[in-house]
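Next come two complexes, and both contain chain A; in the first it sits with chain B, in the second with chain C.
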Partner chain A sequence: MFDFPPPQIFLQLSLNGALGGAMYGVAAVGLSLIFGTMRLIFLAQGAMIILAAYFVRALFQSFGIDPFLSLVIVVPVGLAAGWLIYQGLFRKAAVEEDRNISLLIAVGLMFLAENLMTVIWGGNTAGVVTSYTASGIHILGIRTSFTRTMGFLIALAGTGLVMLFLRKTLVGKAVRAASEDITAASLMGISPHRVNAIAFAVGIALAGAAGVAVATTFPFNPFAGFIFSLKALVALALGGIGSVAGALAGGIILGLIEAYVQFFVGGSWTNAVAYGVFLAVLMFKPEGLFGRPYKKA
Partner chain B sequence: MANRLLEVSDLEVAYGDVRALWGVSIHVEAGSVVAIVGANGAGKTTLLRAISGLLPVRRGTIALGGASLAGPAPEAIARMGIAHVPEGRGLFRQMTVLENLELGAFQPKARANMRQALDKAYALFPRLKERAGQKAGSLSGGEQQMLAIARATMSDPKLLILDEPSIGLSPLVVQQMFSLIETLHRQGVTILLVEQNIHQALKIADYAFVLKTGEIAMQGTGAELIADPEIQKAYMGVLEL
Partner chain C sequence: MRASMSIWAVIAAALALLPFWPGAIDSYAFSFLFFVFIYAILSQAWNLIAGFGGQISLGNHAFFGLGAYATAILWSGNYLWGSLYESHPRIYYFDPVTMAIAGLVAALAAALVGWPLLSKLRGDYFALGTLGFGEIVKVLFVNGGDFTGGAFGIVAPSSTFDTLLPHYWTGLGLTVAVIIAIGLLMRSRYGLALIAVRDDEMAASANGIDTLKVKIAAFAGSAFISGVAGSLYTYYIFHVGPDSVFDLDWMLLPLMMTVVGGTGTLMGPVVGAFVMYAVFDLARIVVPDYHPVVSGLAIILAMLFLPKGLARIGFGLPGLVRRG
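Then we have the complex of A and B:
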């Protein structure tokens, strides 16, 4: 007879899934921003997260800077790097409105970053081990790690800040306006290059924050980013393209799906199910789980 | 010569190899309402889009108060003082009425006067104040058109360009629209108006141009063109309300 697992298991799986999924979520928020203004799927986002993780590790190992404290360095560096990446790599393709070229540049950037990381730090799996890496905390009688909980909080805070920026500041509103109708936005005096650069800056800063979370929780290697990008893409589809909160929620849902599949079906199935869900959503609910069907303006 | 705000000379614009404007010249005096009328496909929208930088100029010149508009990007032209309400209105439908209005004052110069501009817009369009927190896409057609015009006035533009503001509106709302344009005119706003509602447009226009397959076929004061038998025969027979 099938033994129904104890309810504790469900709580534990949900917590693990949500905490892990929030990482996909922040990555998806970055994708969503960049897709919004440029209609570009920035496939290098995962590689940027891993790059940030290595950067965090370097700061820790060389200068003894606490990984969580390094947020105050990584986020501003991410903002600047995102701005430069747009101006240096994507601006010209954006002028020519060539999305295929933009996508190829993103893929090129991803491979370049992966291989540079391999040259600099080697191809082996790396991690950041601090005094608190092994410490756990208890919530509602279930156990979770301190670093994972911190990662989750970073994801929530990052997404919350981005939402505040988009809703409360005029520049943020301009980014939303440009995502909705770039031509109309330009008639308001909003420069497409400005909003593209801002989207990249914020997107890469989020990758930086996610890098801190990844560095402290998971072992990583230079090539781990691509899978991350793919998972973020699934999260984006689940949450509905164009919704920042949806992207985070999509990531958490994906994390839950993976956790449950891994436990009840088997670890080898998690990726197959994730991409199956991806296709199913695109086919049957392309506006995302929370979105209303697109209305043509 | 009076105070020429906008001067378009010998303008040629093409979509790929297909030319849409063949040497068009128009001018707009500061403080006036100028109408551009003509049949579907005559090139009215093309002319407006070239002025606001959405289409490249193939030949000829466009100048606003002496500064060339042939070359700068649309956002730069907007900052030079042109507010263009495009065909289809170009509202940010997912954003609120208030956010749309705020974005109308995005340019640095206008941003400083956001508060006053908003009060002025609400005085002119009380309906928009009631609906400030609503999504623009949820407004009725007439309200959306009012919002598009109100948003364009937020930057206190030198020239307000309206592309068929009355399209798709009920006759009553069309009347409101035209009286609104007259109010703006009285407030000193310079307006370049494209209309399919030819009779109404000529009635409020100080000066008008008739565009026919990419060329200016006729021009004169609104009153002159209304009285012109050829215009009456060609354009106003069926469109008269």
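Then we have the complex of A and C:
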């Protein structure tokens, strides 16, 4: 009954899974930054990605701007939007001890974004079709689509830039310090509000980059974001909460798991397996698959 | 304290007498109040585990759905009353045994997952775990084959419906019963233990409280209440499907109502359910095309300007002050 497929198919599955999983990964990196500094499960991240995808589509349809070129617009807009979202919505809630308030604001933001998108663009499935959407690349008999490969590269570049930012710049070090111990960090003169705002700005900018990748690769609708947020959370847990590279790797692993389950078990079980793995990791290896033992929480 | 709660007793009595007002049963307010009762019960359930217990559960919609499914499955498959069902075709309609079983199924599920989750996970990790649990339950019911009706779900015999009166009274009765039960519980040593665990788990455990047992019991109690609410909803909606009863809104809205009303207070969840459902329903009537946008805005504004809940205003009403 259980025939192992020829290596060709196995490779193809792995490639598709990894390329798709990188999308979860880049969403997870944003979640990881925001969770790290604010301890907030930012459930609206997926909705922000879809919002960015619609924005990319509007730029393409109205002004003819190539989706990949629109990165130079979407990412700065994301940075600014993230900063504004923090200052306008989360600044007051961040100092409250009750973190349900931040969580609920995120939920409200998600509802608001989803339904504004429905009002503006309608609830139907949308997509961006360019001259190269259908083109593919053949390597060693396995086929990969150009847009998926580009999406993967965007995810890699985005994660790489965030890592460089966190490691090499003083502001990035402040963000890391605040994630590790906010009390000690503020005693060293780091302003929690500033760090939170930066984490939000970078997180939403990443959502913008992910939006470009989603817009060119998948059909999407205003309510597709939430499942993305959930998958990003799974990726986050797999990679180890607090690790940027781990978040991307977690996304890729999740993509692989989904691709295999879909092929060998059936499409309707992918979510159950994904969340089952999530629960198992949370319980038995809360520091993530390749993380150092996590001391806090 | 007991004497001051009398204003709530007066309100409950007035609500109980409302159906005798001519024309009230057919009025819009009647179905509005029925939904307020469902949300008030769900908010009380969430408040028990999160407000009093300090364990943020993001999986309570799963217990609501389990209760709804348990009712629909028992009823449509006639698993409970056998041949009695033929002579009494309405026996499952608002059957207290069926509703209790619906609650117990949810409570059992909560105890089974609560044991590993609560012993292993703290704080945010517990919240994430329950969120994952809720999604798993939904997928299990989609893949349940004939037993759960798959992606379509189960349709209960809606021919039993003739009036909203039993829904209204059962909803009101359950809301009052839940308030009294939680009020009594929080005055007992078990309630004190729960608050002690919320405020400082280490200290509670050092004082001889079996913290895991307390947390699991509160989680199961929360699930039981949610499951009964799901059962009540089944008698209203009749079609129980995975996308409707496992919808995340059944967890998010009660969570929001509780926070707006005041977490960790006895009457806050009820006040929050009434106020927020009124806002949502008003938006649905006034701006039908934009009402979900208004709902999103309402959540954000409520959190920005009322982060401590209506409890901070209090209106001079009893039961809105946080204990512990």
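Quick note on the criterion: the second predicted complex is superposed on the first by the 290 of 297 C-alpha atoms of A that agree within 3 Å, B and C clash if a C-alpha of one lies under 4 Å from a C-alpha of the other, contacts with A are read in each partner's own complex, and residues count from 1 in each chain.
The rule we apply is simple: a residue touches a chain if its C-beta (ideal position, glycine included) is under 8 Å from a C-beta of that chain, and two chains touch if they have at least 3 such contacts.
Source: prediction; values computed, not measured.
A.B. asks: Which partner does A:Thr130 contact after superposing on A: first (chain B), second (chain C), both, neither?
C.D. replies: neither
A.B. asks: Touching A:Thr144, do we find chain B (first), chain C (second), both, or neither?
C.D. replies: Neither: A:Thr144 stays clear of chain B and chain C.
A.B. asks: Would you check which partner chain A:Leu116 touches, where first means chain B only, second means chain C only, and both and neither mean what they say?
C.D. replies: second
A.B. asks: Which chain makes contact with more of the residues of chain A, chain B or else chain C?
C.D. replies: Between chain B and chain C, the winner on chain A residue contacts is C.
A.B. asks: Is A:Gly108 in contact with chain B, with chain C, with both, or with neither (first, second, both, neither)?
C.D. replies: A:Gly108 sits against chain C, while chain B stays out of touch.
A.B. asks: With the two complexes superposed on chain A, say which partner A:Ala93 touches: chain B (first), chain C (second), both, or neither.
C.D. replies: second
A.B. asks: Under the stated touch criterion, which partner chain does A:Leu187 make contact with: chain B (first), chain C (second), both, or neither?
C.D. replies: A:Leu187 sits against chain B, while chain C stays out of touch.
A.B. asks: Quick check on the superposed pair: does A:Ser14 touch chain B, chain C, both, or neither? Answer first, second, both or neither.
C.D. replies: After superposing on A, A:Ser14 lies clear of both chain B and chain C.
A.B. asks: Jot down the residues of chain A that show up as touching in both complexes, chain B in one and chain C in the other.
C.D. replies: Dual-contact residues (chain A): 297.
A.B. asks: Taking the touch rule as given, give the residues of chain C at its contact with chain A in the complex, in rising order.
C.D. replies: 50, 56, 116-117, 120-125, 127-129, 131-133, 135-136, 139-140, 142-143, 248, 252, 255-256, 259, 263, 289-290, 292-293, 295-300, 303-304, 307-308
A.B. asks: With touch defined as at the start, can you tell me which chain A residues reach chain C in the complex?
C.D. replies: Interface residues on the chain A side: 35, 39, 41, 89, 92-93, 96, 98, 100-101, 104-105, 107-116, 118-119, 226, 230, 233-234, 237, 268-269, 271-272, 275-276, 278-279, 282-284, 286, 297.
A.B. asks: Could you pull out which chain A residues touch chain B in their complex?
C.D. replies: Going through chain A, the ones touching chain B are 170, 173-174, 176-177, 180-181, 183-192, 295, 297.
A.B. asks: In the complex, go through chain B and note every residue touching chain A.
C.D. replies: For this pair, the touching residues of chain B are 52, 54, 73-75, 78-79, 83-84, 86, 88, 90-95, 99, 102-104, 106-107, 111, 137, 151, 155.
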